[in-house]
Every structure is written in structure tokens, then in C-alpha cells.
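Across the two complexes that follow, chain A remains constant while its partner is chain B and subsequently chain C.
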Partner chain A sequence: MGDRAKQLLFLAATIGVAILAALPLGLSAYGVSTGIVYFANVALATAWALFSGPTRYISLATAAFVGVGMYTVAFAHVSLNLAVCLALAAIVGFLFALVVGLSTLRLRGVYFVIFTFGLTELMRQVSSWYEINITHKLNRFITISIDSIVIYEMLLVLAVVAVVGSWYVSTTRLGHALRAIGEDETVARHTGIDVTWVKVLVFAIAASMMSLVGGVYALRYPSIDPTVGFGNAWSFQVLIAALLGGPRRPWGPAIGAILLVLLSDFLVGAFSRYFTIALGICFLVIVYFIPGGLAPRIEQLFGMLARARRAAGGASGAAAPREPSKDAAKADIETGAKMRAVPHRRSALHPLMRRLTRSGPRLVVRHGAGPPPGAMLSVHGLRKAFGGLVAVRDLSFDIPAGGITGLIGPNGSGKTTVLHLITGELPPDAGSIVLQGDEIIGVRSFEICRARIARTFQLVRVLPGATTRENVMLGRMFGSDPTDPATALTEADALLDRVGLADRAQLIGSQLTYIDQKRVELARALATRPQLLLLDEWLAGLNPTELKIGIDLIRRIQREGITVLMVEHVMEAIRALCGHVVVMNAGMKIAEGTAAEVLSDPKVTQVYLGEDDAAA
Partner chain B sequence: MFEVVLNGLVLGGMYGLIALGLNLQYGIARMLNLSYGEFFTAGAFSSFFAITLYHLNPLLGLVVSVPASFAANWVIYRFLLLPLIRRAPNRDALDGDVVLCTFGLLFVFQGFEQVYWGGNVRGYYFLSFPVHFFAASLPANRLLAFAAAMVLGGILILVLRKTRFGRALRAIAIDPIAAGLSGINVLNLLALAFALGGAMVAISGALVSTFIASSASSGIVYTLKALIVIIVGGPGRMAGAIAAGLLLGVAEQVGGYLVDPGLTLAINYAILILVLLIKPTGLFARG
Partner chain C sequence: MLRLEHISVAYGKHEALHDVTVDIAPSRTTAILGANGAGKSTLLKTVAGLIRPLPGGRILFDDRPIEQEAPHRVVAAGIALVPEGRRLFGEMSVMDNLRVGAYPERARAGESERLERQLTLFPRLGERRQQLAKTMSGGEQQMLAIARALMSEPKILLLDEPSLGLSPRLVSDLFSILRRLIEGGQSIVLVEQNAYQSLKLADHIYVLDNGRIASAGTPAEMRQDKMIQKAYLGL
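Entry: the complex of A and B
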């Protein structure tokens, strides 16, 4: 879409909202109440998708949050002013979601679905019990009378705030972080994203919107009861609306909500007897024929129309491609090389965003030029057992700053476990890991990334649904020196050029070949601005030409001042690159020294080749 | 109090019975079938019609409902769920699709039941005489359901442990890809397990209908009950499902007796939530 089209769209949306706002003056009571239903559903579905769209957590707790809002207003309006009541509803919803989120967001998939459903049911049961047994009245009366036009206007505002807010969030770092979490939480953690906090925060923001809608909606009723407040129809309706419209587009859920309300009105009128069946068939149609929702389809359609128009109008009207030119990319490499010399600067981030990127209290992040003298990282007495299997046993070694250290050993000797222990993916049973004087055991993965340790994965992990460029931007936006998306974009392109992927910046992760995925991983790791880079068999599976390029690349990375620890089986690369090699077998260190020393050590040849061949 | 616990155990046996089929569908085949309860009501209705329309023993309704439910669930797996499995890029996406799809099926089935069988609550009397048991007495139909739970649960455990079919299913439940690579026809067996789950729930529907009346819209209640039992017991664990059923039944009765009968459902959900928070893999899961 060109800028002009965007302006037009914005103008149309503004006029549309203005008309909707003015409408009730001429509408019947029926029209106003229809509007109320539409706006409430739009706001709820959009809020639902704000969290559940990108993260793919299917929440059935909408009714719980709506109910909390309704009951807050019902309890509070007796003694408080309406505006205060509504603010209170939003706050209570937020806090409630914070507690729920902190305790449950580690549940994935179906467990989360069941939990949120169970939570709503529990709240309905408990509130019914409370009303019947304690207050002896199931209905709780709402004693203020508000003109339904006011409710209409309030919900219109909430719907607009929800849609615009969710669009805004999707463009911020928070939005990028959420999408990364949805694609691969492990990668998100190791790219410096505080996964728990991001999830809980957004879950709570969405919930406070739901409670606010619930609070306003309660004003329609003379009284509310637990089946109105905590009725799970809210949860299901909102879920279906969002999935129908497309939960991964900011405006998708709104479309879905409007269509769903239209559709159910139509079905009730046309097939009253068969309404349930017709609704069920609609679900099935969504699943089988419009997975991903309507929004992506509509975008496709507009894209086709725009292309057709452009083709008709000649190439002159075509928008300039966004790809940076070759020269610009080159210039970026230059600055990219110099970036390391620039002392750490705080980006002009929103305070809220800064909280997201804040480093852990236990670590002082040291940014500066060149590696410090001595050991970059010291491992001492490290131990990790999985049940009876001791994967790492009393392991101690140093990684000299500025050099390339090789960690080799037969398969299953515990090398990857060591990387997991260093990056906080696994907690060790005993021992210490010291990064330039700071103990990093117990520090969480995202904080370790921000302390400038980056890694690649043995089994490649590229975000499958994100483009190459977005994968790399992630590292830049959340690594040790976080920036805004725009800066990250230009620097990501420079890094892609460096690993030879400039022409594949727009490809989706899952479309890349294995080797290219490895390159993306490396670029993403470099984008976090590490002082220590951990490579887990990064050279495995390369052909001889690619191997040579790979070796050169690693050497250049080291020359720029990044310390490297590489787990590797390719001896050619170990000989060519590593000044210092640690050899592991069955979890223990069996040799340490220069490449030449360890490779001629009889113990090492024995574990690699077996006793007989070593003796020969 | 003895009677309360006994009632709880018998109730819990019923919960276990209801959950066995879903445990095959969700625990083994890993498909959260939200339309599960509709086959429960189908079983209940076929027994109801057997006795009211044809004056037959209500359990003869099983002759129709069990094969029908088996076939219907096989078709659901083979033709509705399999395309989703093939299409899904990852587990989360698949779970979302399956929830939506089976939710649609739930509405379709429920709609048909409402249109053709009416929205009324249908119940009948069968084996409702009391059986005396020490100081307490229990209705015979409830005891029958309890006994069926134990027997069917036992058979399922034996089948899963001792037969080739069962071993293959357990292998698939742990790692479908590795099972396929070892020469197991994963899709066929999963379709079979899913269909068997359907047959089991029809049986439980018929048995439970001898003492609890059902309506076209009561299916979802049983789906959720079964789901709670499975989550508490640990997906795929048949003994876990029976044990969790008993635990929930006793907790519900004792809690209702000691605190307030209005809170029985709340107790169920509270246990579910606690288990999810403390041991999300289920109380009786391995490891």
C-alpha cells in the first residue's frame, strides 16, 4: 500500500468513526443497542488478539475478566463516582490478570486453554455461591441509570482505542517481542527478551481492556448475576470473532467481531430452528477454508488490486522498493564495523520499553571497545546430571578473552550441555561460571544475552514465520544494546550482508535452506552485540567451499574483538581457528591446550578413534 | 461420613468411566475433542429410546450406539482432523485448529440432537433399587456404572500394557515420529484409538443415563468433567484417570458435606487449577 492509499484509509477511518459517533442522534433505541453489542465485541476481540494473536496462547478467560469488570462496577457504584468505578474496573482487571499470568503463563497449548476455562467456571461457581449464601440474592442491582447513548459512545471510544492501540503495539518493540515469543520462546529468551514479563504485561493490558468493557457493559443491565458476568459465551464468542477476522492483524478481530454479530443475527432470523447447526458449520468453514482469518485474505485482495492498477498505470506510479541500495548497505557495514568502538549509548526508549530491556540487578553490563585482558569466562567445578546420567562432571576451564576457544569431544560428551549451562537454559547442580568477575549462575537467559553472551543452536532455530530480516532485527532490538525497530532494521541489513544473505532479507525463515538458516542464526547472535559468542556446531554440514567462507567469517568476527567459544566436530576448522582447545569425554575434561597439543594427545585420539586404532 | 465417602467413590467411578474414552482421544491421540460429550448424550439417548419406544433393556441401546459412535469418531479423525494435522506447522497451531473444529462439531451435533430429539431432559428408571452395603445403601444402577468403570479401565490398562496394539499406542503417545520410523502405522492406529474412545464414551453415556437424565445440551458438561479428570490424572494414563476420578468424586462429596453442597463444582475446578499450577503433567503421570 502506498503512502497516499494509507492517508486515504486513515481519513476514511476517521470519518467513519465520526459518523458512528454522531449516529445515535438519529438512531432508534434498537439501533443504539445494536451498536453497543458491536462495539463491545470489537473491543473485546481486539483485546483478546492483542495477546493471544501473536503468542498463540488460546485464552478462554475473557469472561473472567469481563465479569471482574462488571462486578467491580456493581460493587463500587453504590458509593463511588462512575468514572472512578470504571478506572477501578480496569485496575482490578489488570491486577487480577497479573496474578493469573504470573502463575499460569508457563502452561502451554491445551493446558492453558483448559486452565483459563476452568478459572472462569470457578469464578462463576464461587460468585454464585457467594451471592446465594452470603448476600442471599443472586442478582446484584445496578442502581445508576445511564442513557444508552452514553454507553454507546463509551464503547465506541473503547473499540477505537483497542484497535488503534493494538496497531500501535504491533509496530513497537513490545509487538516484535510478542511475535518472537509466539514463534519460538527459546529463541526469544536467548535474544534478550524478558519473556515472562512481556507475556504477563500484555496479558494484563488486554485483560484491563476486557474488564473496562465489562464495566461499561454492566451499566446496560438493571442487575447482573454470575451467569451474565462470568458466562463463558463471552469467551467463546470473542475467540471465534478473533479467529474469524484474523488474530495476527490489528484490525482483523474487529472485522471478525462485526461479521460474527451480523452472522448470528442473520442465522437466528433465517434458521431459528437450525441456528446451532448453522453456527457449527460456520466454525468448520473458518477452520477449513479461511485458516488465519479473513484479514490476510483481504490484504491479499487489496494487494492484487493495487498491482493491477499499477500495471494499468505503468511503472511510474510504483512505490520505490524498500530494499536499501547496495551502497547504503556497504556504508552500513562500515558503520557496523565501527559500532563496536562507540561507547554504549542509551537509546531514546519509552520508559515502559526501558523496563523491558533493563538488565538484571546482578549484572553490570560492560560495553566498551576491545576485549578485556585475562579470561572472558571461567568455568569452575561445573556439574549437571539428568537423573542418573551425569552429563557434565567437575568441569573447569577458562575462555581467554579475545581468542577462539574450541570445545570438542565425541557425541554425547556434554558439550552442548555446557553451552546450555553458560546461557542459563539449564541450571547447573554445582560449580560456578564467572563472566569477567561476575557470577552468572542463576542469571536468566535473557539477562545473560544482555550481558553480551550470544549463542547459536545445534538444531537450528530460526523463527519460521518471520523474515530473515526480522529474525536479525530481533537481536538488535533486544540484545545488549537495545534500539528502536527503525535503527534495528538498517543495522540488520548490514549484518545480513556480512553473512551473505542480503538478497534473502525478505524470505520467510521456513523458506531458507539449512545453511542459510545457520547464517541467519549467526547474524541474529551478532546483532545482540556480544562480547562472547557461543557457536554450537555452526560449521557442521557445510561443503568445502562454504566451510572456507565460514572459517573466514569466524576469524573476522574474532578480529573485531569478539571472543568465541565453538563446539565443533570439523577438525580442519579447529586447527585453523582455535588457539585454545578443551576436549571433553563423558562429561569430563580430558585434555586442554593448543589445537596441535590436544590433537596429538593419545587420550584424545583414543576417545575419538577407539583404543585399537589409537594404539596403532 | 462413611456413606459420604462411599458415595464419593461411586461418583468418582462414574467420572473415571466418562474419562476413559477421552483419555484415548486426548491422552493417546492428542486430539482435544470438544464434541466428545455429544457421543455421551448419543449413548444416553439410544438407551432412553430403547426403553421408552421399544420397551427393551436400555443397555441394548449400546448395540446401536457403540458401533455408530465408533464409526463416527473414526470418520472425524480420518477426514476432519487428519487434514488439520497435515496442515499444521506446529503443535500450537494444531491445537487451535482442533479446538475450533471440534467446537464446530459440538454445535452441529448438539443442533441435530435438539432438532430431532428435542430439548427436553430425558430420564428413565432402570435398576434403581437400593443395594445395602454395610451401614450404607447405594442404588444398583450407580454400582453398575462403578463396576463398569473398574472393568473397562482394567481391560484398557491390560490392552495398553500387554498387547502389540497397546504397546504401539503407547509408543505413539510418547513419540509419533519415532513410532512411525519403527514400522508402526501411526495414522491407522491413532484413528482406531480415537474411534475406540468414541465407543467408550457411548458406553459410559448409556450406563450413566440409568441414573442421570440427559438433554441435548448436556454433552459439554461431560466433556469438561472428563477433561478435568484426565488433566488431574495425567493424560494417557488409564489408571491415573480412574484414580483421579475417584479423588474428584470423594473430594466433591466430602467437600460438599463439610463445607457446602453448593460448592461441589467449585471444588472440582479448584482441584484442576491447583494441579495445573503445581504438577501440570498430572498427579499420576510418570516422572
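Entry: the complex of A and C
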């Protein structure tokens, strides 16, 4: 979409909101109450998708947060004024979600869904118990009388805030972090993202919005009871609305919510007795035919229209397209479009900034006058057991600063476990790991990344739904020297150029070949600006010609001042690159020295090389 | 025995294979060389029915078109793929992984004999019958993946990068096992970055470049080819 189209869209949206705001003056009471239902659903579905859309943690706790808001207002309005009550609802919802989030966001997949469902049930039971046994009245009266037009306007504001807010979040670092968490939490952690904090914070922000909507909504009723406040219908309606509209677009859930309310109204009128059956059938049809939601389809349609118009314009020689059409638009409607907003925004808004922030060809950070002397990292007495299997046993070695150290050994000898221990992915049972004088055992993965240790994974972990460019931007946005998305974008492109992926910046991770995925991982690791780079079989699966290129690349990385530890089975690379080699077998170090020394060691030949390679 | 005629495959706009015609004779080993991204894995996946080719191409197996068959029917017809990255059933034991391999109807008779044969061919698996697949080392997993494919009694075995991530010693173990399979008359199509080993093992070589067949011939011819030396052997 061009700048002009964007301005028009913005204008149209503003006028639309203004009309909606003025509308109640001419509407019947029925019209106003319909508007209230629409806006509440838009705000709730958008808030739900703010967290659950990108992270893919499906929450059924919407009703719990709505209910908390309603009950906060119901309790507080007796003694406090309305504005304070509503602020209180938002705060209570936020704090409640903070507690819930801290205790549950470790849960994944179906367990999280069940927990949130259970939370709503629990809240309903507890509130019923309280009202029956303590106050002896199930209904709690709301004694404020407030014009429904005011409720209408308040909910309109909340809906607009929710949509604009979640659009804004999606363009920030926080938005990138949320998507990374949804794609692969492990990668997110190792890229420097404080996964727990991001999840809990956004979960609580979304909950706070839900409670606020609940608080306002409660003003419609003369009284509330636990089934109104904590009714599961809230949770399911919101979920369905978001899925219908497209949970991974900021404006998708809003569209879904509007359509859902429309559809329900229509079905109630047309099939009053069989309403729920008809609604159910509609959902099945929707989920079957548009699994990603409507928003990506609509974007695709607009993209096609824009391209058709450009093609027509180009034919008549009128306007050349400002930006060459990007293939990614069509490539993957589910995920492909989501990143386009950022590059476009950037090229539209910051031509000057881009020039100012462009770095030179050398992107990897230098440490002043060269690598510091001595050991970059010292491992001492390291031990890790999985049940009865001791994967790493009393392991000690140093990684000399500025050099390339090789870690070799048979499959299953514990090499990858050592990398997991260094990066905080696994806690060791005993021993110490010292990074330039600082003990790093017990330090969490994201902090280790920020302490400038980066890694790649043996089984390649590129975020499958993110573009090549976004994968690399993540490293720059959350690594040891975090930047804003715009700077990260420029530098990501330069890094991609360096590993030979410049022409594939817009492809989705899952569309890349194996070797390209490995390149993306390396670029992402370099983007975090490491002083120590851990490579886990990065050269595996290359043919001899590609291997030479790979070896050259690693050597250049080292020459720029980055210390490298490489786990590798390709002896050619070990011989060519490593000044220092550690050999492991069954969790223990069996040899250490220069490549020539260890590769001629009979122990190493016997357990690792076999007879063929010993001669070579 | 297996013939691909004018096969093209596209991922969205990107054409991964272009008009590929390949002939695979019985009891022979065919190796496919090519840079990463040349389309080698795509070729194997297309044969296995995991990817649909564009209209206009045909895949004939024993003179029967199979390009529209579902993957499980391709296995039933006698083509087994050992995918890149092994793809074992991690939570299942070695024995269960092997038994699942014999799922096709054709492979059920004689299942126990074949099981014994695999355990002889891969003695490490025999020692670890009850171990869960995910807890095994990379080398053992690769052996299990091959053994599982063999349990379906394939007429053609497709191997996608079997030596990936294996230690030097395991790589030579792996290739000696493959050599034994070939001596036993197994037809194999091999995709392997280890070009030297491929040239040693194969009877016939195809070279893929950017989704097209760039050249074909015997290993001896390939070793002489200057372009091949430069592009794939790092000479």
C-alpha cells in the first residue's frame, strides 16, 4: 500500500470514528445498545488477540477478567466516583492477571487453555459462594444511573484505544518479541528476549483492558450476578471473533467481532429456535474455509487490487511504482504480510534516519584494540546428568579469547549438552562457567545472550513464520546492544548481505532451504553482537565447495574479533580453523591440544575417527 | 523401474524443479549431486508423494503413474523415503518404530524375519530394542530411520542426506552398511553432500543445478568433469 492510500485509509477511519461518536444523537435506544454490544466485543477481541494472537497462548480467561472488572465496579461504586471505579477495575484486572500470568505462563498448549478455562469457573464458583454465604444475596445491585449514550461513547473510546494500541504494539520491539515467542520460545530466549516478562506484561495489559470493558459494561445492568460476570460466553465469543477476523492482524479481531455480532443477530431473527445450531454450523464453515481468519484474505485482496492498478499505471507510463513489488505478499497469507508494515513504514517515514543510522560494511562489533588476552570462557568441573545418564562428567577447559576452539567427539558424547549448559538452557549439577571473570551459572538464557554469548542450534531453529529479515532483526533488537526496529532493519539487511541472503530477505523461514536456514541462524546470532559465538554443527550438510565458503566465513568472523567455539564433525574444517581442540567421549574430555595433536591421538582415532580418517 | 518425466515443482512463485527427467534402473544405486537448494530433497519428496508436481509431468513406477498418489500409497507400492532429519517417532521404542515401518499390507507377511534382518544389519539397534528413539544419539537414530524404511520392504530406498551430523567414524559405518545393502540387490537413490562417498557408492549420477538436470553419467565420467570438480568437489 502506498503512502497516499495509507493517508486515505487513516482519514476514512478518523471520519468513521467521528460519525460513530456522533451517531447516538440520532439513534434509537435499540441502536445505542447495539452499538454498545459491538464496541465491547471489538475491544475484548482486540485485547484478547494482543496477547493470544502472536504468542499462540489460547486464553479462555476473558470472562474471568471481564467479571473482575464488573465486580470491582459493583463493589466500589457505592463509595467512590465512577472514574475512580473504572481506574480501579483496570488496575485490579492488571494485578490479577500479573499473578495468574506469573503462575501459569510456564504452561504451554492445551494445559494453558484448560487452566484459563478453569480460572473462569473458579472465579464464578468463588463469587457465587461469597454472595450466597456472606452477603446472602446472589444479585449485586448497581445503583449508578448512567445514560446509555455515555456507555456507548466510553466503549467506543475503549474499542478505538484497543485497535490503535495493538496496531502500535505490533510495530514496536514488544510486538516483535511477542511474535518471536509464538514462533519459538527457545529461540526467543537465546536471542535476548526476557520471555517471562514479555508474556506476563502483555497478558496483564490485555487483561486490564478486558476488566475495564467489563467495568463499563456492568453499568448497563441494574444488578450483576456471577453468571453475568463470569459467564463463559464471554471467553468463547471473543475467541471465535478473533479467529474469524484473523488474530495475527491488529485490526482482524475488530472485523471478526463486528461480523460475529451481525451474524448472531441475523441468525436469531431467522432461526430463533435453532439459533445455536445455525451459529455452530456457520463457525464450522468459517474455520474450514478460512482458517487464518478474514484479515489476511482482505489484505491479499487489496494487494491484488494495488498490483493491478500499478500494472495499469505502468502500462500507460504514468507512475512508476515507488517500491518494487515484493513477492512475499503472495507467498504466505498467514504470516507473510505481517512484517511488511514495518519496512514500508520505515521507507516512508525515515529516509534521512536511514542514512544516518546505516553502519559501514563491518557490522560485528570490535573490542577496541583487539581481543582481550587470556580465556574468554573457562569451564571447570562441569557435570550434568539426565536421570542415570551422565551426559557431562567433570569437564574442564578454556576457550582462548580471540581464537576458534573446536569441540569434537562421537555422537552422544555430550557436546551439545555443553552448549546448553553455557547458554543457560540447562542448569548444571556441579561446576563453574566463568565468562571473563564472571560466573554465569544460574544466569538465564536471555541474559547470557545480552552478556554477548550467541549460539546456533544443531537442528536449525529459524522462526518458521517470520521472514528472513525479521529473524535477523530480532537478534539486533534484543541482543547485547538493543536497538529500535528501524535501525535493526537496516543492519539486518547488511548482515543478510554478508551471509549471502540479501535476495531472500522477504522469504518466510519455512520456505528457505536447509543451508539458507543455517545462514539465517548465523546472521541472527551475529546480530546480537556477540563476543563469543557458539556454533553447533553449523557446517554439517554442506558439499565440499559450500564447505570452503563456510570455512572462510567463520574465519572472517574470528578475524573481526569474535571468539568462536564450534562443535563439528567435519574434520576438514577443524583442521583448517581450530587452533585449539577439545575432544569428548561419554561426557569426559579425552584429549585437548592443537588440531594436529588431537587428531593423531590414538584414543581419538579409536573412539571417534575410525580407521579411514586417521590416515587422511 | 522408476522414471520421472518432465517433472516441475514450484513453491509459490519459486520453481524448485524444472522439467526434470530421470531414469532409475533396478538394483542400481543412483546418486543425485547438487548444491544446497538445487532441488535434490524436493525431487525425493516429489517421488514419495509429499509434494505434488506441476501438471504435465509424470512419475512412472513399474510403468504405473504415481505422481498423484498419497504418500502412504507410494510406500505401499514399494518406495520408501528416509527423510532428512530422520523424523523418528521419538516417544516410541526402537522395536515399535521398526514395527510401524512394516505397516503397509505388502510388508506385513514376513515382518518378523525382516525385523531380525534389520537387527543383524544394525547390531546397535539389537542392543537397544526397548530404548526410546528420542534418547538415542544422532548416529543410532539415523540407523533406525534407515531400518524403519527397510521394514516396508521397499523396491527403491530413497535416502536424503543420511550422513548429516554424524561423526567421521559413524559416516564410514553408515556407508559400509549401505554398501552391504547394495550388494544384497537393494535399489537406492541417494542424496548426499558427501560427494566423494556418493561417487564411490553410485552406479549412476545425476547433477541438479537450480532445479534442472545439469549433467548425468557414471562416477568416472563425473570425476573427470571440470565443472563438477569445481562446483561440488571443492577442487
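Annotations
Simple rule for what comes next: the second predicted complex is superposed on the first by the 552 of 616 C-alpha atoms of A that agree within 3 Å, B and C clash if a C-alpha of one lies under 4 Å from a C-alpha of the other, contacts with A are read in each partner's own complex, and residues count from 1 in each chain.
Rule of thumb we're sticking to: contacts are C-beta pairs under 8 Å (C-beta built on N, C-alpha and C of every residue); 3 or more make two chains touch, one makes a residue touch a chain.
These figures come from a predicted structure and were not determined experimentally.
Once chain A of one complex is fitted onto chain A of the other, the partner contacts of A:Ala270 are absent, as it touches neither chain B nor chain C. In the overlay built on the shared chain, the residue A:His569 is in contact with chain C alone; chain B does not reach it.
Once the two complexes are laid over each other on the shared chain, residue contacts for A:Gly409 go to chain C alone; chain B is not touched. In the superposition on chain A, contact of A:Asn543 is made with chain C only, not with chain B. In the overlay built on the shared chain, the residue A:Arg108 is in contact with chain B alone; chain C does not reach it. Within the superposed three-chain model, A:Ala18 lies out of touch with both chain B and chain C [touch as defined at top]. Within the superposed three-chain model, A:Met304 lies out of touch with both chain B and chain C [touch as defined at top]. When the two structures are aligned on the shared chain, A:Arg56 is found in touch with chain B, with no touch to chain C.
Once the two complexes are overlaid on the shared chain, A:Tyr514 sits against chain C while remaining clear of chain B.
Residue by residue along chain A, chain B and chain C are tallied for touches, and B comes out ahead. No residue of chain A lies at the contact with chain B in one complex and also at the contact with chain C in the other.
Residues 327, 330-332, 408-412, 458-459, 511, 513-516, 537, 540-548, 569, 571, 607-613 of chain A are the ones touching chain C in the complex.
Residue ranges of chain B in contact with chain A, taken from their complex: 26, 32, 80, 83-84, 87, 89-93, 95-97, 99-101, 103-112, 114-115, 224, 227-228, 231, 260, 262-263, 265-266, 269-270, 272-273, 276-277, 280. Across the complex, chain A is touched by residues 11-14, 33-37, 41, 84-85, 136-140, 161, 164-173, 193, 195-196, 230-235 of chain C. Across the complex, chain A meets chain B through its residues 56, 58, 103-104, 107-111, 113-115, 117-119, 121-122, 125-126, 128-129, 132-133, 236, 240, 243, 273-284, 286-288, 291, 464-465, 510.
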